[in-house]
């Protein structure tokens, strides 16, 4: 780490001579240490999935969820420091509430992402604060259709057809690129039900049994089937997707 | 209230009337409490009204606070409900801090403090607190809306106070009763339970006849001192026809005092 | 006009002289006394108002009704206003009184329910029950009256209480006054509809020990209840000058809330030559 010992990595209010903010880069390290989070924008909605790493066998099953609701129609999946993720979700809920109060209409996903990015960016400007150790997938269906954005610790945010953050995001992204190839060529995006299977498959694929702790798969969606509301993926649907994912994984191993 | 206020205003037609929000209302009803040597009865009717309208035939006015204290509230129902809520909250905090329930004399002083704290925007509520004192005697404390209070042998408050209190003065305090020379005037607050319940029931049935804001149902809470026999309440034939008794479980650890809820109907017209 | 018997035959008050038929706030503004220029001016009277809301419990549910009129003084200003509003899946709110305060209430409650919904994903908890929402409203109304800045409404809350497995019906108004009963009505309806509702309800349900109806436990069927509600709304239309012959009926059962389309009563305005039983004409 070239930054260590130079003194330029102690504060976000000081650039390094080559124009970098090392504290922001360290925040990204916190993100990369977290279980992967995947989002896909589909033809009929969006699907979010996270690999929730279990640091203890004593944890209650299904607890400590990492995907949160921001408004009726918007979900937020975070990777990084869990407490920071909760804080950002609370902030974003306030923004969503405030938007409705002011305009008597639900906020679009883009506007919420923009507000979140502005908030996150402010934490890269002052010596008295640290940047958030979180990347966020903001996903939902609004009047413009299904939308997916990723907000990074620097405050930068982009819209995506599909996105992955956290540990093993590189592998996940190559899988996602294959998935959206048809759409990128002008074809139809995949459906939510297909995306559920794919996200389960990708997360099982990315998970490293040897190195990583056990994990639970957590999935939510906003689709025509949920009436445009952000909901947990129904248990049977998720169980089916996980069974397929495990089968695909075994098949892959036999081929190797 | 507004209806009568309007007719009063007609006296001064010259003065222009301000249409102003009146934050108070009188919801009628009556409460009554009588102490015995080793018990206390706290009663109230269940009618809630506004002017000539009966809002509901069953609204509670009497509340069990601790294992040996019961509070009756009367006046403006919204203030009453919210006042009782705050009293209960303070009692819970006290119990959590001190690992015991507050005594009746302390509750009485606390109620004074709470009422007087709103001296300039009062709770429009008349309170009567009944229960068992720490020395085991039956007690009644009565309050005015701004916290003035005293311990008494009996008290009636509310719509039919003016009907019931003179009756109690005669029957409980023995006012205007003459006794033979060899029989001294009894000390008030020592009547047997059966007599007291009879007086309470007669008070309410009579008030129901003569006051439009009293009626529907009667709830009488009876708090018995520790170790007192309860057969004068629970044995067969102890109470008149149509009166039902139910024992209420202790709210706290249970110090031996027992609380009963005695109910009967009142006329609904 | 003051209809209290104590006021019969008395000279008119200054207020009645300047606005005999209570058309205020139309046309004239209330005369101001020399003392009325206080530093704070909160809501002193309602402006655009809705009239009665009525409600009754029946077998397996609760029913509310309110007409579609929002009046501006004596002017029938808005004739297609919905005064029954669903709160979540098993609660219905019916509001009389100031319509802008009602709109504020709707916004507040919808925001509360939406927040609850968004928190449910990460923190699973039961949805707000009718009783929860009723208590929230009671606290809100009472807090506002304590600030001498009331929300000028009288509300009925109807719902299904899954904990008790029975219907819920409660009243709360601008003073924070609350009560529950198997039949309820606000405002003019308390005079006109409540006796009809009670009569129908008690004829079937009987009365229990505290004077509470329901001892016999047999409640009206939904059809019977709606017939009584329809009758009440008709009588209210005949006798309440601030009503309109267009109303909605809402039901809450185990299965959820439903609010009907607007409907009208069949009315009869012919010369009453055949009417008997009033005045000297009894035959």
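A few comments on the model shown:
Order as written gives the chain letters A, B and C; numbering starts at 1 within each chain.
Following the convention adopted for this analysis, contacts are C-beta pairs under 8 Å (C-beta built on N, C-alpha and C of every residue); 3 or more make two chains touch, one makes a residue touch a chain.
Note that the structure is predicted; figures quoted are calculated from it, not measured.
The chain with its CA mean position farthest from that of chain A is B. Taking the mean of all protein Cα atoms as the centre, the chain whose own Cα mean lies nearest is C. The leading chain pair by number of C-beta pairs in contact is B-C.
Chain centres here are Cα averages; for chain B and chain C they lie 31 Å apart. Centre to centre, using the average C-alpha position, chain A and chain C are separated by 48 Å.
Centroids built from CA atoms put chain B at 62 Å from chain A. Residues of chain A in contact with at least two other chains: none.
The multi-chain contact residues of chain C, meaning those touching 2 or more other chains, do not exist; every residue touches at most one other chain. Counting partner chains per residue, chain B has no residue touching two or more of them. Those residues of chain B that touch chain C in the shared complex are 3-4, 6-7, 9-10, 13-21, 23-25, 27, 46-48, 50, 53, 55-59, 76-78, 81-82, 121, 215-217, 219, 244, 263-266, 268. Interface of chain C with chain B (complex): residues 2, 4, 6-7, 10-15, 24, 30-33, 35-36, 42-45, 142, 145-146, 148, 150, 171, 174-181, 190-191, 194, 207, 209-213. Against chain A, in their complex, chain C makes its touches with residues 107, 111, 114-115, 117-122. Residue ranges of chain A in contact with chain C, taken from their complex: 65, 67-72, 75, 93, 97, 100-101, 220, 230-232.
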